[in-house]
């Protein structure tokens, strides 16, 4: 399991423009970091770089003693707007698939659905879910398959006050169990965090 | 132009479940209303009902002396998560099309792009835009084609602090010009609003 | 008016990207024209006899397979909501969508059809009729396909359903067009079948948008 | 292993919903078998001669037109990101995706091919060979189509690119399979063409996933 | 809908009417059917068709009725689409499988007849193909209804399809005139009167009425079943919401 995340002097270029350079961060087990910055500053891109989906222009990303290849292949969760859920499939089908894909079992998927109060929604097609319900469905795989590092992209925005609260306590539990969180946000998270601000 | 919105004793059913009933609201020119409520309470569905995209189970929606058919055919703007932008087309193409579709001209589209600082992004494909940039592109049609009533679904969530501010002032200007705003939100808007809360 | 022109341009561009356009048409018929002799053996008489018919069937099948998603994407990404919220009547919008599809897919395929038929050995004199049939037939296929696509919005097994709905409706134009081509080849009067094809195409263009608009409204509500 | 089985099930279900499945195959071939006689005239000898070849070409076209979007949807909605972030090597994931596509589209089409051919008047004795060719050919088409679909990710005019990349690669299996069927019908030795078809199909299954995975990684980064 | 018969627009009265009408139509169907078949099997052999002419008395009325049912389906669909009338929708839903069944009968008897007459069970001519298309449209109607979860959406989508599919009816009817097909032209319902010999005409007409009554009876029964099912569902929904 990932116990450390280090970003050293990272620089990222997109479409010819240098988004940022010299960004560094060290995150230890039990720590969360709020990644802030104006629109287009590269928050999502940095998360994607940590997930290995885009390549840094300079600098390095390390996961302590975990091999980067293993870290990205099953050591972290990446939750973004583009949730990959198919509108025409039912919530139950999507939850079952993604939790199995992430290494969870039927039982953990069921437990996640219960924790996120998705059970009455499972028979609905994804397209019928409200924005907050859909986000909860995306989040269910965080619980269904435990992984060390959570990369979250604006995780709380479509949730109502109660669910922000609940999700805050889920994040606290994850940290207490030695997890790490790196979350791109515009509003502060309901947990204590380090902070990393990208320049405009 | 729409100068009044009245919702009388509205009830809405989705998939056999009664989401709400007895919801009423009167909105006059220059007023905004924040529509709140927990996830799944029917905020988006109510906005869709006002836009005429779904049918109420009971009650009525009126637009003052504007015929509902005209009001929905060109009297209001409806901005939601599902923005209808095609990832593979460029921002310029999408902006040009949607502003023409809403009745704007090339000049107004250009002005909107400038007001929302989209000009340097126009040559990018929509899929490359950051979440906030994409939301700004969606919003551009609010400015490109002036319409009386704005129906906004969580308009500010992906925007950064500066753009929330800017968008607040755009909303204030719209209200000052006699416009109406009905916005489903989880966080308060940066403008004075009436408020309508849907029960869980 | 302005907005409908814009819509036509957009739909054509999208359909083009979605797998249409002149190059695809050429590639498709080049495929048919190469594959068919390869697959059934190159005896010229055999080929010439079936050439116009084969080109004609290929057109129907190509239309079927590309039309399926005419409304689905717009339905799922919210564009359909925006298209509905407009002074333009939804019927007209649907008409333009199908027309765009036809311009990006049907028309290039139609232009390539006589070439493919002649390449397979059909009588060059039949080229104008093949082209005219393909143009009209493509129009009918586009509008019928649009109806199927709109009706199966939000359904389970949407693709299958579209095929099941659309295939029977494709049969009459196939019969009319095939009959006209066959009659022409045999030196018989062919105007009857051709006129019926034209009438059918016009009927679908007239009725199709109404059905599509009703189906779209129904799916959204 | 577990996750790959889950992926296979999902891909099959999606391809099925996207316009695949046994019913669509039946509908598609019913279309071919109905349209062809209507379009080229119902003389039995003419039909019987082209029946296996027509079924075979129809298979290639159906694969071509349904494969285009194999990766596009997952790419645009973010599912591909999630598929990459997994202990399963991306090559295997791509292989499973193509296999799912083949199971939902290719295999049912292959099963229906001999029926359609016989319905058009082909010699029933050719049914096993038609089926075997269609199964192997479908596999080759699915993996070739997958390569095209992955390569055209993120490119403007994706559909066009797929067709242009993939069509030439479709030619060899068409030749091999058509040759085998033709030789069989003529009572000549057909094993040569069939063996080549099998070898080609295996080669695409072996090489295809590597190319697809590289193309997907490239599109994402 | 003032012009529509009151019993059609009022479920209560429809139920009262159909309670006695359905069995009555059933009796008529059986009675006329037996009579018509008896007459039909005692006609002299046709000079051309011989024995096989007797298939006519099953085939031809089936072919008529399957088109008639489609007209009923289309009218009911129109009423349910425009007036959102639940009973019309139930009627449309009830008619489709019956139409498919009668079309199937026409196809099978026609194919059996075709073997001795034309030397093949099936040829791809316009008349035969357009009847096959009718069959497929019935199936498409049933499939579309079944694959949309939302009841009202399903019924409206299916109604639109039924109306679009009506384009096939004139094609079936005139296919024999527009193409020189193997199938013979109309000889009963002609502008200048029937050209069929009375020995054949009478049993044919009797069988036609028998088929009509059979359809009427089955249709009413199925609509009643549909009404009951919907009432039960509505009741279940009410109790579920408490």
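Which chain is which? They are A, B, C, D and E, in the order written, and residues in each are numbered from 1.
Assume a residue touches a chain if its C-beta (ideal position, glycine included) is under 8 Å from a C-beta of that chain, and two chains touch if they have at least 3 such contacts.
Computed from a predicted model, the values in this text were never measured in an experiment.
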item: Central chain (distance from its CA mean to the mean of all protein CA atoms); value: C
item: Greatest separation from chain A - chain, by CA centre; value: E
item: Taking each chain's C-alpha mean as its centre, the one farthest from chain B; value: E
item: Pair of chains with maximal C-beta contact number; value: C-D
item: Centre-of-Cα separation between chain D and chain B, whole angstrom; value: 45
item: Length of the line joining the C-alpha centres of chain A and chain E, rounded to whole Å; value: 59
item: Centre-to-centre distance between chain D and chain C (centres being mean Cα positions), rounded to whole Å; value: 22
item: Mean-CA-position distance for chain D and chain A (Å); value: 37
item: Residue numbers of chain E (touch at least two other chains); value: 129, 132
item: Chain C, residues touching no fewer than two other chains; value: 17, 76, 154, 156-158, 164, 167, 171, 175, 221
item: Residues within chain B bordering two or more other chains; value: 15, 81, 88
item: Of chain E, residues touching chain C in the complex; value: 81, 126, 129-130, 132-133, 136-137, 139-140, 143-144, 147-149, 153, 156-157, 160-161, 163-165, 167-168, 171, 178-179
item: Residue ranges of chain C touching chain E (in the complex, touch as defined); value: 147, 151-152, 154-157, 161, 164-165, 167-169, 171-172, 175, 179, 192-193, 196, 200, 203, 207-208, 211, 214-215, 218-219, 221
item: Residue numbers on chain A that touch chain D, as the complex places them; value: 48, 51-55, 70, 72-74, 76, 78, 80-86, 88-89, 93, 96-98, 100-103
item: Complex contacts: residues of chain A adjacent to chain C; value: 87-88, 127
item: Chain D - residues contacting chain C, complex; value: 16-21, 23-24, 27-28, 30-32, 34-36, 38-41, 46, 49-50, 52-54, 56-58, 60-62, 64-66, 68, 156-160, 162-164, 167, 170-171, 174-175, 177-179, 181-182
